[in-house]
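Look for chain A in each of the two complexes below; its partner is chain B in the first and chain C in the second.
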Partner chain A sequence: MEGLLQLLFNGLSVGAVYALFALGYTLVFSVLGVINFAHGAIFTMGAYFTYLLIGGAVGANGLLAGLQFPFALPFWLALPLAGIASAAVALVVERIAFRPLRDRGSDPLLALITSLGAGVILVNLIQLLVGAESYSIPVGTLGSLPAALNIAGAKVRTVQVMLLAISGLLLAALSIWINGSRSGKALQAVSEDPITAQLLGINSSRVIQIAFGISGFLAGMAGGLVGLSISIAGPYFGIGYGLKGLGVLVLGGLGSVPGAVLGGLIIGLAEACVPADLSGYKDAVSFGFLFLVLLIRPQGLLGRPQSNKV
Partner chain B sequence: MNGPQAPLLELRNLVVRYGSITALHGINLTVQAGELVTLLGANGAGKSTTLRAISSLIHPASGEILWHGGLINRLRTERTVKLGISHCPEGRRVLSRQSVADNLALGAWLRRDKAAIATDLERCYALFPRLAERRSQLAGSLSGGEQQMLAISRSLMARPTLLMLDEPSLGLAPRLVAEVMAALSQLHRDGLTILLVEQNAQAALTIADRGLVLEAGSISAGGSAEQLLADDSLQASYLGAN
Partner chain C sequence: MDAGLLEQMLLGALLGLSVYLPLRCGQLSLATPGFFAIGGTVAALLSTRVPALAGSGSTYPITSVLLEMALAALLTGVLALGLGRVVLRLRGIYLAIATIALVEILRVVTLNLEFTGGALGIFGIPQPFDSAAGYAAFTLALLALICWLCDRLEKNRPGRAMAAIRDDELAAASQGINTADTKLLAFVLSALVAGITGVVAAHFLNSWNAKLGNFDASITTLAFVVFGGSRTWLGPVFGGLLLTALPELLRPVGDLRLIVFGAVILVGPLFFPKGVITPELFKSFKRRIRGTPTAAAQGVKP
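Let's turn to the complex of A and B:
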C-alpha cells in the first residue's frame, strides 16, 4: 500500500511537470497551429535562471566562468522570476523565429524549422556561456523544510510534493484564465478562427505574444522545478523533456488543454510503474504507450478529429 | 480632407489581386451615412473581395478606400473595426466552441463602456429573441438561421458606424431570410448605415435604398432599388431572378 502510494506520488509529480511543459506547446499550437521546437531550450534556460537566482555559481567552463549573483534569492521567489525571464526569452523567439514568417504570409509550417533553429542557438548559447557541465540546486534551498514528508505511511520527497502542488496551481490558474477571462476568450477565438477574431477587433499578434509569454513562463517554471528535483544535467537536458512533451501533447490531443494535463499525468504514471532496475526502458514504455493509443485514437485522448481544424 | 460633405465610405478605382488573378478591376462605390446599399452579383463576381478590402483582410493593389474622406487602404483589420466598420463575414463564422453570450461579448472586444455594452446586448436580444433563449448554449449547437442572427448581433456589438454583411441569406430557408431582412431593415430605419452583399437580389433590393451590380470584378449596373427591381433584363442576366 505504501509502495503504491509512493509510486502514485512519483508518477503524478513527474507527470505534472510533463503537463506544464506540454501546456506551453499547446498554447502556442492552439493559436498558430504549429509546434514551437524551441520550447525545450526555453525550459532549459528556466532551470539555469533558477540556479543563478538562488545564488548558484557558474563553473569553470564557459564565458561566464565563476559568475555568481551578489544575492541569493529564496527558491519561492527565484522560481517565478526564472519563469518571467523564460517568458522574455520566449517572446524573443516569437519575434525572431515566428513573426517575420507570419508578416510575409509564409507557410506556417516553416516555423517548425525556424523554431528548431532558435532552439539550437539557445542551447549552444547556454553551453557557450556556462559550459556543458551539470549543475545541481543545493539541498538547503528549501530552507527549513524537511527533505521528505510522511504521507499516510509513505515517505515522499518534499520536492515532489512541491512539484505537484505548484504544477497543480499553475494548471488551475491557466484554465481559469482561458475559460474565465476576456483575454483567455480572445485566445480561444484566435485559436478557432483567426480571421473572425480580427474582424471582431482582436489584435491577433498581441494574443500570439501573450500565448508565447505564458508558454515560456510555464516552461521556465517547469525547468526550475525539474532542476530542483533532479539536477540540471547540462545544456541539452531540455531536449529529452521536449520530446516527452511532444509525446504528451499528441497523446492528449493536439491543441487540447485538458488533454495536455491528462496526457502528462498518464505518461508520468506509466513511467513510475517501470521498476527501478529497468529504468533505462522508461522512454520505451511511454512512447510505446503513445503508439498504442494512437492506433486506436489517432486524434489523441481528448483531441478533436483533424477535419475540425481548418 | 475630412470635409463635411465627404461620404462615409468611398472606393475609388479599387483594384484587388490574388496573385496573378485580378478580382476587382478598378471599382467605384460610395456609401452615404444612413444608406442601405446592396452589392449584387453572381458567385465569384468580387463582392466578398470588396468587403475584405474595406476591412483590410486583403490590401488593394491600387486605388483608394476613403473613410470620411480619409485614406484607409493599409490599416490592420482591427484598426478598421476601431474606426467603426463591422464586417459580418460570409458563412457566419460564429465561434462554435463558445457560448452565444461569449460570442456577443467578443463582438464588443474594443469597447470599454460597460453600461452601453449591456444596453446593446439587450437590444440584440430584442432584435432576435431566439438568441436570448439560447444565450448560454454553445454557438456551434445553433441552427444555421440562429448562427446568422448571432453573427449579425455580434457585429452590432461593436456599435459600428457601418455594418457590412456578406450574404446573410446564404443557406437559409425563405422564412428565415425574411426574418433576417426584416431585422436589417429595422436597423436601417434606426439610422444604421449598411452595405449588404447578396446573391439573393430580390430579398436585398426589397429593403435597400440603392443597389450596384458587380460582374467579373467590375460594376456593370447601379441605381435605386426600385429601378433595379423594375429592370427585367437586369433581373434575367445578373440577378438570378427566379
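Let's turn to the complex of A and C:
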C-alpha cells in the first residue's frame, strides 16, 4: 500500500510538471495551429531566472561569471517573478519568430523553423552568459519546511507535494480564466476561427500575445519547479522536456487544455511505473504512448477530430 | 577547403534530399535521422563484426561498403514500407510529431541494446579510404547520382503526382492519383536515401552511437530544406551544404557561432518563405542569360 502511494505521488508530481509544460504548447497551438519549438528554451530560462532570483551565483565559465544579485528572494516569490520574466521572453519570441510570418501571410509551418531558430539562440545565449555547468536550487530556500512528509505511511519529499500543489493551483487558475473571463473566451474564439473572431471584434493579435505570455509564464514556473526538485543540468536540459511535452500534447489532444493535464498525469504515472532495471527505456514511454495514440485516435484523448474540407 | 568539412557538407546535402522527398509530396516527415541512424548502425555492425567483409588489403574494400549500402537500403526500405502505411494516414503536424516519436523511440532502444554498443556506441569502424578527400569524392558521386534521380523524378509521372498531392490532396485523388501509394513511395525513397547516407557517415566518422539520430538532427535536416527550398532538388542540396558549413565557417566568431546559426534559421524563412532556391529563380536566371527579348527581336514594328 505504502509502495503504491509512493508510486502515485512520484508519478503525479512529475506528471503535474509535464502538464504545466504541455499547457504552454497547447495554448499556442490552439491559437496558431503550430508548435513553438522555443518552448523548451523558455522553460530553461525560467529555471535559470529562479536560480538567480533566489540569490544563486553564476559559475566561472560564462561571460557573467560570478554574477550574483545583491538580494536573495525566498522561493515562493522568486518562482512567479521568474515566470513573469519567462513570459517576457516568450513575448519577444512571438514578436521575432511568429508575428513577421503572420504579417506576411506565410505558411504557418515555417514557424516550426523560426521558433527553433529562436530556441537555438536562447539556449546558446544562456550557455554564453552563464556557462554550461549545472546548478541546483537548494531546498533551504523553501524556508523552514521539513525535507520530507509522511503521508499515510508513504515518505514523500516536500518538494513533490509543492510541485503538485503549485501545478494544481496554476491549472485551476488557468481553466477559470479560459472559461470565465472575457479574454479567455476570446482565446477560445480565436482558436475556433481566427478570421471570424477578428470580424466579431476580437483583436486576434492581442489574444495571440496573451497566449504566448501565459505559455511563457507556465513554462518558466515549470522550469523553476524542476530546478528545485531535480537540478538545472545545463542550458540544454529543457530539450528533453520539450520532447516529452510533445508526447503529452498529442496524448491529450492538440489544443485541448484538459487533455494536456490528463496527458501529463498519465505519462508521469506511466514513467513512474517503469521498473528500475528497465529505467533506460523510461524516455521511450511517452513516445510509445504518443505513437499508439496517433495511430488509434489521432485527435488525442480529449481532442476533436479534424474533418477533410475542400 | 578542408576535405573533412566538404564531406560533412555533402552528407548534409544528402540528408536534405531525404527530407525533401516526402515534403515534395506535401508530407512533413521528420523520420530521416531515424533511417540515417539505422543505416549507420548496419554499417557499423557489419564492418566490425563480419570478418569476411574486411578483405585482404590494408583498406576496407569499397565493394563491402556498397554491399552494406544495399543491405541498409533493403532494411530501411522494408521498414519504411511497413511504417509508412501506418503513419502516412496522419497529416501535417501530426505526421511530423509521429515521426519525431519514431526517431526518439529508435534512439532510446539503440541506447539500451547490448549489440549496438549502448551509450558508447561502436568504435573502430574500418576505413575504405585513406583520406577525407576519398570520402568526399565517393560522396560527391553518390550525391550526383541521387540528384540525377531526383531530377528524373520531378519530371516523370510519379514525381508529378507527388507535386499534385502537395498542391491539393483531394483534387489529386479526384483526378485518379493513388495518393496513398504515391505518398508511400516518397516516404520509402526518403528512407533509402537516409539509410545509404548513414552507411557512408558511419565509415567517415569511424564510430557510431545513438546520439547521431536524435531530435536535433530531425530539426536541423528540416531546416536544410526549409532554408534551401522544397520545390526543386537543388533547394535541399543548397540548404544542406550551406547550413552544415555555417557553424564551421562561423568559427572565427567563437562562442557566438551557434547564436548566429540560430539567427540564420530564424531569419531565413522570413525573407525566403519558399526557400532560397525556387523554380522562379531559375526562370529569371535563364531569362537573364539568354537576354531579354527586345521589341525588335519580337518582330514588333516601330
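Heads up, the rule we're going with is that the second predicted complex is superposed on the first by the 306 of 310 C-alpha atoms of A that agree within 3 Å, B and C clash if a C-alpha of one lies under 4 Å from a C-alpha of the other, contacts with A are read in each partner's own complex, and residues count from 1 in each chain.
Please note the rule applied: a residue touches a chain if its C-beta (ideal position, glycine included) is under 8 Å from a C-beta of that chain, and two chains touch if they have at least 3 such contacts.
Note that this is a predicted model, so its numbers are computed, not measured.
Trainee: With both structures lined up on chain A, is it a clash or a fit for chain B and chain C?
Mentor: Here chain B and chain C can both sit on chain A without a clash.
Trainee: Quick one: name whichever of chain B and chain C touches more residues of chain A.
Mentor: In the superposed model, C touches more residues of chain A.
Trainee: Just to be sure I read the superposition right, which of the two partners does A:Thr196 touch: chain B = first, chain C = second, or both, or neither?
Mentor: Once the two structures are laid over each other on A, A:Thr196 reaches chain B alone.
Trainee: Check whether A:Leu295 is in contact with chain B, with chain C, with both or with neither, and answer first, second, both or neither.
Mentor: A:Leu295 contacts chain C only, not chain B.
Trainee: Just to be sure I read the superposition right, which of the two partners does A:Leu246 touch: chain B = first, chain C = second, or both, or neither?
Mentor: In the superposition, A:Leu246 touches chain C alone.
Trainee: For A:Asp283, using the defined touch cut-off, is the partner it touches chain B, chain C, both, or neither? Pick first, second, both or neither.
Mentor: second
Trainee: Just to be sure I read the superposition right, which of the two partners does A:Ala118 touch: chain B = first, chain C = second, or both, or neither?
Mentor: second
Trainee: Quick one: is A:Leu52 in contact with chain B, with chain C, with both, or with neither? Answer first, second, both or neither.
Mentor: Neither partner.
Trainee: A:Gln188 in the overlay: touching chain B, chain C, both, or neither? Say first, second, both or neither.
Mentor: Touch status of A:Gln188: first partner only.
Trainee: Between chain B and chain C, what is the shortest CA distance in the superposition, whole Å?
Mentor: 16
Trainee: Across the two complexes, find the residues of chain A that touch chain B and also touch chain C.
Mentor: Dual-contact residues (chain A): none.
Trainee: Looking at the complex, which residues from chain A come into contact with chain B?
Mentor: 182, 185-186, 188-189, 192-193, 195-203
Trainee: Which of the residues in chain C end up touching chain A in this complex?
Mentor: Its residues touching chain A are 28, 86-87, 89-94, 96-98, 100-102, 104-105, 108-109, 111-112, 170, 215-216, 219, 222-223, 226-227, 255-256, 258-259, 261-270, 273.
Trainee: Could you pull out which chain B residues touch chain A in their complex?
Mentor: Those residues of chain B that touch chain A are 55, 57, 76-78, 81-82, 86-89, 93, 95-98, 102, 105-107, 109-110, 154, 158.
Trainee: So in the complex, the part of chain A that touches chain C is made up of which residues?
Mentor: Residue list for chain A touching chain C: 33-35, 37, 96-97, 100-101, 104, 106-107, 109-110, 112-114, 116-121, 124-125, 127-128, 239, 243, 246-247, 249-250, 254, 280-281, 283-284, 287-288, 290-291, 294-295, 298, 306, 308, 310.
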